[in-house]
Structures are given as C-alpha cells and as structure tokens.
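If you scroll down you'll find the structure; I have some questions about it.
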Amino acid sequence: MMVLETILYLIAYPPLWHVLIVGLLGAFFTAVVAIWFERKTAARVQRRIGPYWASPRLGGFLNLIADMIRYILQEVIIPRSVDRVPFVLAPVAAFVISIMPMAFVPLSPYEKFWPVPNMDYSLLLALAISTVPPLMSIIGGWASNNKFSIIGSIRESYVITAYELIFVISLLSAAATYTSLNLLTIVNAQSPIAWLLFLNPIAFLAAFLAVLMSTSAFPFEIPESEHEVVGGPYTEYSGILYALNMGGAYVRRFIYAVIMSLVFLGGWAPYVPPADGPLFAIIIPSLIVAIKAVILVLIMSFLRAVYGRYRLDQALDSAWRLVLPMALIGLGWGIVLGLIL
Amino acid sequence: MSISEGTLGELRSKGVEVRRIDKEYYEIFIGPQHPGSGHMRFRVKLDGDIIVDADPDIGYVHRTMEKLSEGREWLKITPLVERMTIIDACNITLPYINALEKLMDKRPSTRASYLRVLLCEMNRIASHLYGFGIFGVFIGHSTAYMWGFGDREVFVELSEILTGTRLTYTYHIPGGVRRDMPQDFPQMVRRAVRYMRSRMPEYEKIFLNNPVIVTRLKDVGVITKNRAAELGVVGPTLRGSGIRYDVRLAEPYEVYGEIDFEVPVFEDGDALARTWVRVEEIKQSLNIMEQAIDWLERHRDEPVIPKEDYDKLPKLHKEVYEKSGRVKLLPAQISMKVPPGKAVARGEAGRGEIFYYVESDGGTMPYRLRVVTPSARNAIVFKRILPGHRLMDLPTVYGSIDYFAPEADR
Amino acid sequence: MGVGVGGACAKGEGKVYAGNLNVAAKRARDIILGKLKLGEVVDWATTFSLWPVHLVTSCCGAEFAATWSPRFDAEQYGALPWISPRQTNFIIIEGTVTRKMACALRITYEQMAHPKFVIAMGACALDGGLFYNSYNVVKPWEIVPVDVYIAGCPPPPEALARAILDLRKKIREKKMASNWLREGWRGDVEYPMPKEDPCKWWQP
Amino acid sequence: MPPRAVTKSVRKTGGLFDGVKSNVEALIIGVKYFIDPKRMTMFYPKEYLEHRPGYRGFIVLKKEVCISCAACARICPSAAMKMVRVSEVDPKEPAKQRQKQYPVINYQRCIFCGYCVDVCPVEALYHLPFHDVTYESLGDMFLTLDLFQKEPLRPVEKEGVPVVYEVDETLGLVKRERKGGG
Amino acid sequence: MSLPELGEEIRVRLGVLAREVKVAKGFVEVVTGRETLREVAKTLKEMGFDHVKSVTAVDYPKEGKIRVTYHASSFLNEELSRFMVGLSVDLPRDKPVVETLYPIWNSVEFMEREVYEFFGVIFEGHPDLRPLLLAPDLAEKKVMRKDFVVREESIYEGVPHEYK
C-alpha cells in the first residue's frame, strides 16, 4: 500500500499534477478531443461520417493523432522574409503561456496540493496570464511579414480589446457576489449546488460569448477567417509551429473553460473532497473540474455546425453593444446578490 | 514616415527589389490560390478595412472555346461549350442547340422538348444548390455547404439515371435528345420533388433566418434597379434587384410558354435578396419538374425522334431505341452542313441569361461562335459594387452573385 | 546559447556550438528512423493526413467539391481541404491548367512543405482533353510531378476517392514520407521540377 | 396559367424576441440532426456504387463486330479515338492476310461523352458501368488494341460490396445493399 | 409587337443614320458606319435598349474587314425585353479603331476589353483598355483572328509507334 500511496503522492505532487498532467496533458488531450469532436459533430449535423478509416472502431479518433504526427514531422518552412526570432518563438511562447494559468487554479480545497500558496488574488492572476497568448499571436502575425497575417493580427487586436473587458467584468461579478478574488473562496461558497450559473446566468452567458470570441470559435472566427485572410496570423506557419498555433487556441479554450467551470459551475461541487488521501482529495475533484470544462468546450465546438461567421465590425458592434451591457448587468446583479447573501 | 530617395538607391544597389506602392492604400492580391477566390484573382486596395478599388483579374480558366469551336464540327461543339459550366451543363448547351436549330430550321419533338425542360430544371436546382453551398462556406457556414451538396446529389443522381453521367450530359442533339427516360423515372422525380419541398423549411431555419447570416447579408452589395440595368447583370442578381426579367418569360424557348410557374423577384437588391431569389427559384423549379413529368407520363407513347426521322433510321438504330431508349446518331450527322446565316439564341441558365451568336458559312463547322455567359456579365459587379464595402464583405458579394469563373472565362 | 545542451560539436571550425541545428536534426532523424523505427508510423500518419490545398484550377473542382459532400465524404480518409499551402501536403489538379494558372500552380507547389504529393484529375489535366490543341492550355505534368492520374471529364467522386486510396497505397509501399526524412526528397523519383519557368510571361 | 413574374419580399426581422426565436430554431435544427444524423455517406472501399446499365463509363471494343468505318474516331470531340492499321488473318480465307483498321482509345483525353458508342452503326463499342480506375503513368492510359478489347480491372470489386442509391421521400438518397455482388 | 414591327420602328427612328436595317434570325440587325455609331447607339438607348448583351467581333479576312456587333436589349421595358437589336459596324482589318460605347452603355466595359485582346480592335476613349483574359504576351497575337490557326489532329495522328 505504501508504494501505491507514494506513487499517488508523486503524481499529485502539485507542480507536476497541476501544470503538466491536468494542464499540459489535459489540454493536449482536450485539444485533440475537441478537434475530433468538432469534426465529428459537424459531420453528424451535415449528414456524413467525418474521419473514419484511420480507426473505424474509435470513430476515426486516431486520425487526429495521424494529423499531429504528420504536422510534427513535416518540413518547417521559415520564409526568408520573416523576422526569425519572434516568428519561431511566438507560437512556442503562446502555447506555453496558455497553460500557465493552471498554476493559480485550485483543483482541490486543500492548500498542500497547490503549486503556489493560497493567495487572495488567484482569479486576477489567472486572468492576467490568460490574456498574454493573444499578444503572441499578434507578434507572430506581424513577424510573418505577410499581408494577410498583418490584417489577421490587427483583427486579433481589435477582438481581444473587446473580449478581455467583457470576460474580466463578467468574472468580476462572481468576485462581487462573494466579495473575494480568491478562487477557492468562490468555489467553496457555491458548494454544493448554489452555482453561479443558476444565480447569475447573464454573467455566465457573457463570459461564454467572450470565450468564444477570444479563442476565435464560430461565429467569431474572424482573425483567422479563411475566406478573406487565409489563416490570419498563421498563414505562413508550417509543420510543428502551425500545430502549436492551432493547438494553442484549443488549449486556451480549455483553460478558459476550467476557469469558468470553477467560477460559474461550482468547481468540484457537488462533490465534497475529504482531507486525506490524494485520490479523493485532488484527483477526483480535478477530474470533475476537467469534465465540466470539457463539456463547455464541446458545446462551443457544436456551435460551429450551426453558425456562420460574423463580420469584424458586426462582431465588435455586438460585443460593445450587446455583450458588454450584458456583462455589466451581470456585474450589477452580482453586487445585488452579494448584498442579499 | 517616408523613405528618402537616397535610402532607396542604397537598397537598390544592394540588390533589393524596391517598388513604390500607393502609400495611401494597402494593396492585397486575393487568389488564385485563396480559399475565398476560386479560379480568379482580385487586386484589392484597402483603406483601413474599406475596399477602395477592386480589380478582378479573370482568365485563369480561359480555355479558348470560341477559337476551338471554329475548327470543330457542329456536333462536337456541344461537349466543348458544356465545359464552361459542367454543373449547369444542360442549361448552358440548350441555347446553342436552339441557335443551331434556328439555322437548320428544325424543331424538336414535343417529348424531346419536355425532356429538355425536365433536365434543365433539375440542373437549375443542382446549380442553385451548388451556389448555395459555396456561398455558405464563404461565410463560414459549413453546414450549408454540406446540405447543399448533399441534396444536390439527389438531382445529380436523377440526371445520371436519365443521361448516363453525373454532370456532362451532352444530352441535346439538333432536333431531339439522346435518350428517353426509363420506365421508373417519374416515381423517382416525384419522390425527389417531395423530399426537396420538405427540406426547404430546414434550410430557411439554419441558414436564411439564422440571425448571424442575416446580419452578415443584409444591406451588403446593394445593386439598385437602375444600376442593375445599367451594368447589365443577369440572373438572380438582376431579379434580386427588382427587375422582372427572365428569358423563360421574355422569350419562352422550348415548352416554357405552356408551363405554369412564377418568376420570383425581390426588390431589396442586397445579398440576402439574391439568396432568397435562388431559394424561391428552387421551389418554382420543383413545380416545373412536376408538370413536365406529368406530361411525359401522360404521353408515354409519343416518340422522342420525330416520325419522319424515325422512318429513315436503319434497323439497328430502331432496335436500340426500342430496347433501351437510346437515340443513336447517324454517321452522316458528323459532317452535317448547316445553311449559311446568323442566329442568336438566349436561355436562362442557373446563373442567368446565356447568349449565343452563331454564324455559319454553309460548312461543316461554324464560322464564328460567340458565347456570353452569365458570370462574364456579372463580373463587372466586383469592380463597381465592391468599393465602399469592408474586406469581409468580399466573399459575401462573391458568393451572393454566384460567380463561376470557368463560365466567365470560357 | 547554453553549454552542453545537445552535446554535439561542429568540428573543423574551431568553435564549439552547443546544439548545432543541423547536427541535432541529423541525430534526431537517426533516432526516429533508426532506433525507434518510426518510419512506418510516419508513412501511416501521412496516409491518413492528406490535406489537399485549396487550389481550384478548373471545373473539375465541381466534382472535387462533391467528393467532400455528404454522399462521398472524403473526410473519412482523413483528407481535409485546407487553406494555406504551407500547412498542406497534397495538390489535386482539378482539370485544365491554363498558362496563367500554371504559374500559380508552380508557386503553390513550391510553397508547400515536404513531403508533398500530386493527383492529376480529369482529361484536361493529363493531355488537354477537349482542349488538346488550345493555345492557352498547358500540361500539368510539365509543371509539377504527378503521382496518380484519373481519367474522365470530369471523373466522378468515387474515382477521386479511388485515387486517394491509390496514393495512400503508393505512399505506404514506396515509403515516400519517411524517405523524405531520410533523404530530403521522396526517394522514388529524382527531384523532377522541370526547368522551364511557367511564370515567364508575367511582368510586374 | 402562363409563366409570370411575382414580386416577393424578404421576411422582415428585428427585435429581441425574433432574434432569440431564430437562434433557438437554428440550434434546434442542429441538435435534431446531431441526434439523428440521417447519413447518406458511402464507405467507399467497403461499399461501392453500382451504376445503372446506361451509365457512361469505360469503353470496350468488340473487335469481331467492328467494320472499320472510323465513324467513332471522326466524331470524337477530343480526338481521343484513333484508328490503327493492323494486318491480321482474314476469317473468310484463312490463308490470306488482310489489312484492317481498328479504333484504339486514349484515356488521357477521353471525355466519356458516349458519342462513339452512339454513332457506331454496328454496336461494336459499349460502355462499362463504372469509372473508378486510376493510373500511375500516362503511358498506361493509351490503350493498345488488345487492352481495348478487355474490360479494365476494377480494384474496388475485390474490396467491397455493391450498393445502389435510391431516391427517397424523407431521406433524399437511401443506400441499399444489392445482393449477389458485382 | 413582333420582330418585323420592331425593325420597322427602328428603321423609321434611325432614318439615314443606319445603312441597313433587316430582320435576322432572332434579332434586328442594324448596320452603321464608324462615324454614326455613337449617335445610333444613343438613339437606341433612348428607345429603351438599356444594356448590351454581347459585343461580338467577326473577322472576314477575304473582305479585309472586322465586323463588331453590339447586341442590345432592355431590362426595364418589359415589352422591349423580348427582342434584341444587333448594332454592327464594319472596321478595316489593318486599322480597326472605333469610338467606345462605354459612356452610353456601361455594360460594354469588359466585353470591349475582350474584343480588344482577341481581335486587336481599339476602342477610343475606353477608360481601361487592357487585356482581360489572356496573359499579356498572348494578347499581342490577336488570337481570334482567322490568320491565327489552331490545328486539329487527324484520326491517325499520335498513335503509338508499334502500329506504324
């Protein structure tokens, strides 16, 4: 028993568990699952089968693995006209920084399982770091020295200005309700079933739309919109660098979904983790959080099949005119909730 | 900040290619390898996000049909001109055959005429669904693409049963058609018509009334009535602008004059109206198909080949026709001579009016064959309508006029 | 640059680089193909990840599009039409290639990342088809090296699906993808880019 | 009633209620198809399309019927059908050699229009009901006289079962397996 | 109204401007000179022919002329939309220059460019007279003229060697 216990403790060693296993592997796995799910859902709605022959029993799941291997081992073209250092570094940095917010996210109520000590501003820190990767894609697009990439970068900058504010405001409603910026406090306050999703659905909807916009999912897939700007910031990327870029967006979507599932979906609630043993204290609660996040990601993937793409100005228009007021109403209602509770 | 002439000279001396560009505008080249361009290239000048100048550079699919037709026999030209728009092959070759029939003073039998109309309408639906699908994927709605192409397969399958091939039918010959329909064809057509009718509301829900799509299409690429007439645009683009013009209405060819159908016209002139024209036309084409198949079923005994021609046929030809409905050609038809003269004919293809000018000098080949296709006439829209729109409207306008580059370039 | 990251030294220059890229790449290649024997995996992955680039040369594009329609759905083979040539590995030449398009075809092919493959679709892409004597039509196999040819005008979607299957078989049999890692070229043919420049008519 | 033009107008949309309603309708349609996809996909190598007899596929020559009239080569719009002269044993007088010409086909150019089959005065040419054969080299596509008389091998016949598509009222196209094979 | 009646009306309306007005198969043919082309076009436009369907050029090397025909019709006038009128002008083959009809019918823009590149007909006053479809080096050859010959293969040509 001691051996098993030790292995479990080793797995649950906070930096390893949080950032590498739930963070990197989880994000990687989610990226693959989300892409697979996106392709299969679209295929179902569109009356066809989608990826199939790579592994007919698994519904073509291995096809995504094949895509990944192909991208990793394909030639990497670095055109002569690009600015090399930022061109190569930007996707790598974007991918790495995308996972970083995991370090500040509690996946268990007990501090000993955390990579960083409990602090009162964990929500703010996670948010702050999550806003860096888009800057990296702007840098990559600019370094590509391609006209389409530059247009894509500019669009990305427009879009992030719009969505960041909305996302932050709608998450602040939670902070206002529970008068705390500590994610742990927010999660604990929602247990077991008083989730903010039910208490404050407007803020949840605003945050959901903001995540859609930020990770350029349909109908807000504007920076990469292929029919005008070919791939936006990623036009010139090839091989593994492109795979990092493409995976990065899905990883980001997953991280946002984790934050949202903590803030709005009650984290590991309705499960109440006991204090002893890593299996019950950390592994199961973090799986619950991950599953909630995956469900959110899959819902976002489903929208691809139903919606087209907004025009840039229309998307910004709806962001400022519709979603921002929504987020503000959510914030107001959050304050009211805070006064009531 | 501007670069001084000295710096430029320095750069040039190092072998760097330096070219002055219009510094006020951002110039981008869209196509031919571009997911939103198809087989053509746009040279777009942008002021911020606004297009100030768009110059369509077409001709990437110019296969010199007009020139080649001057060296080929009359019968060989049908497959040649068909390749302009293989997705609309029946509509696109019919006016050529009509012009030829005018020159030869020959009329097809009524049954052949109805078969032509039936295939033309199936083709029109397939062509509209194709355009609809491409339009969908241009604005990021991949479900519209897949649904359009999936339902198009129904009509492609029907025309395969009728003609023996999926797209390039080469179905018309002067004075008739090449095949009669099989026995179980009417039931299939009726089933397809009923199916398509039941699908139309679903299209409307997921695409046409979808708020994202409506926002995207409304008031984009507006062509007013007078401007449409001035630019000479055709087809759904014209009818979306409120002009009541359709060749089937203005100069009914074949048996269109006897069939009861509507030509839908919308007044708004924007991309949404043009899309609605297509949808309404699909509904009307279904009506026409039903009427044509009713007639064909009622007149089962009427021959495809006119009586006097049929008697002249050799025994084998008659046998094959009786057995499989295939109309065999005579070797004499290869090098048939057409009386000298000029003829024009027009027809309503899926994308609009197609115009043929045929001139014969009495030989076995045309002296001059001129085709003006709907897409060639709509190409001017890019140049005149795009300026003032945003860059993201380019695919919207492109898709809404349903431009098909091989058709325009011939 | 740190010291001793890769442990590889470029000799003969009098300098010691840590992590010389070429040496490191060669070593990685040796490990992947030699020790781990991943060549098979690479070939397998490439066969299920043939992403055609979005270059529609002519009207066979209608059947190309129909091949990805619900009825035939070429996505079941893992082929997904993609947008930028940098991220794809596969061209389907859809019909006639005119002189203007030949230039675009060559540029697109050159922009693609190795290993890359070509299918020529339709009579026009083989010998000109109906337009064999046209003054504006060129033969695509003079522009890019072609792997599989399909007859027909246009070939039906199932023929294109067949071509994708045949190309897959060819990649597996001739180890075209892993040969690229080994030798820098597919290995089954010499670098066959014809010398003539299809873009010579173009003046900026 | 004769054809007539009718002016229609686009449904006016606007307002919060309408927007929500249309959004929900679109989502419901999406979910409906997600739950019941109504697929029409053919799993190609496992199943292959069985065309009807009139399908214009690959062309085969019946040499013993051919009368060397060259009508097929003359009508070919893309000059894919060529006449070749061969000397062969005269069937009537076995001692003698005779010069005769036969058509051969160049699939590099053939556009499958079926003119040659239709113009042949003795029905010496016929279509096969399939089209899915590919070639690895251009040289193989110019068939010799011997090859032109044989039906080309259809690789998919070994790999799968034939299916036929039928037009259906509710599903569009319905795939049905045909019993017996090939 | 029928086609002959329309021909009569056009004849009356144009008077001496037209050299010849006759009813051909499917359209009314009006032949005029290079100088009067614009005026005739203007008159036709006033009659209601608001757009051009086609600008067709035909090369007659024996007579040494190129005939350019504008096929005009109407969209806005439903009565006239049933008919077409072909406005022709004969140009000398060695120096085919004619005034553009762009100011009268905007729809001729791309079609005149096409005639320019295929036949070398120069439309004076056209705002943007460049080749439309062809690459610039081919456009100089005036490919649609009859002296640019495209050869067809015979039925014995190009067979493999073993049969020769």
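Going in written order, the chains are labelled A, B, C, D and E, and every chain counts its residues from 1.
One rule holds for everything that comes next: contacts are C-beta pairs under 8 Å (C-beta built on N, C-alpha and C of every residue); 3 or more make two chains touch, one makes a residue touch a chain.
Bear in mind the structure is a predicted one, so any value in this text is a computation, not a measurement.
A.B. asks: Which chains make contact with chain B and with chain D at once?
C.D. replies: Common neighbours, chain B/chain D: A, C, E.
A.B. asks: Which chain pair has the highest count of C-beta pairs that touch?
C.D. replies: B-D
A.B. asks: Using CA atoms only, can you tell me which chain is the most central one in this structure?
C.D. replies: Smallest centre-to-centre distance to the global C-alpha mean: chain B.
A.B. asks: Which chain lies the greatest distance away from chain A when centres are computed from Cα atoms alone?
C.D. replies: E
A.B. asks: Which integer distance in Å separates the CA centroid of chain D from that of chain E?
C.D. replies: Each chain's C-alpha centroid was found; their separation is 39 Å.
A.B. asks: At what distance in angstrom does the C-alpha mean of chain C lie from that of chain A?
C.D. replies: Centre separation, chain A to chain C: 34 Å.
A.B. asks: Quick one: report the Å distance separating chain A from chain E, using the average Cα coordinate of each chain.
C.D. replies: One centre to the other, that is 62 Å.
A.B. asks: By the touch rule stated above, which residues of chain A touch at least two different other chains?
C.D. replies: If we look for residues of chain A contacting two or more partner chains, we find 43, 45-49, 52, 226, 230, 305-307.
A.B. asks: Tell me, which residues of chain E touch at least two other chains?
C.D. replies: 134-135, 143, 148, 150-153
A.B. asks: So which stretches of chain D touch two or more other chains?
C.D. replies: Residues 26, 29-30, 39-41, 43, 74, 77-79, 106, 111-113, 165, 173 of chain D each touch two or more of the other chains.
A.B. asks: Which chains touch, pair by pair?
C.D. replies: Per the contact definition above, the touching pairs are A-B, A-C, A-D, B-C, B-D, B-E, C-D, C-E, D-E.
A.B. asks: Which chain C residues qualify as touching chain B in the complex?
C.D. replies: 53-59, 61-63, 65-66, 68-71, 83, 85, 96, 98, 100-101, 104, 107-108, 124, 130-131, 133-137, 153-154, 156, 204
A.B. asks: Can you check the complex and tell me which residues of chain E touch chain B?
C.D. replies: Those residues of chain E that touch chain B are 24-27, 29, 50-54, 56, 58-59, 69, 71, 75-76, 78, 81-82, 84, 86, 105-107, 109-111, 118, 131-135, 143-144, 148, 150-152.
A.B. asks: State the interface residues of chain D toward chain B in the complex, per the touch definition above.
C.D. replies: 1-11, 13, 19, 22-23, 25-26, 28-30, 40, 51-56, 69, 71, 74-75, 77-78, 111-115, 118-123, 127, 165-173
A.B. asks: Would you mind writing out the residues of chain A in touch with chain D in their complex?
C.D. replies: 41, 43-49, 52, 302, 305-307
A.B. asks: Which residues of chain D touch chain C in their complex?
C.D. replies: 39-45, 48-49, 77-80, 106-113, 131-138, 141, 155-156, 165, 173
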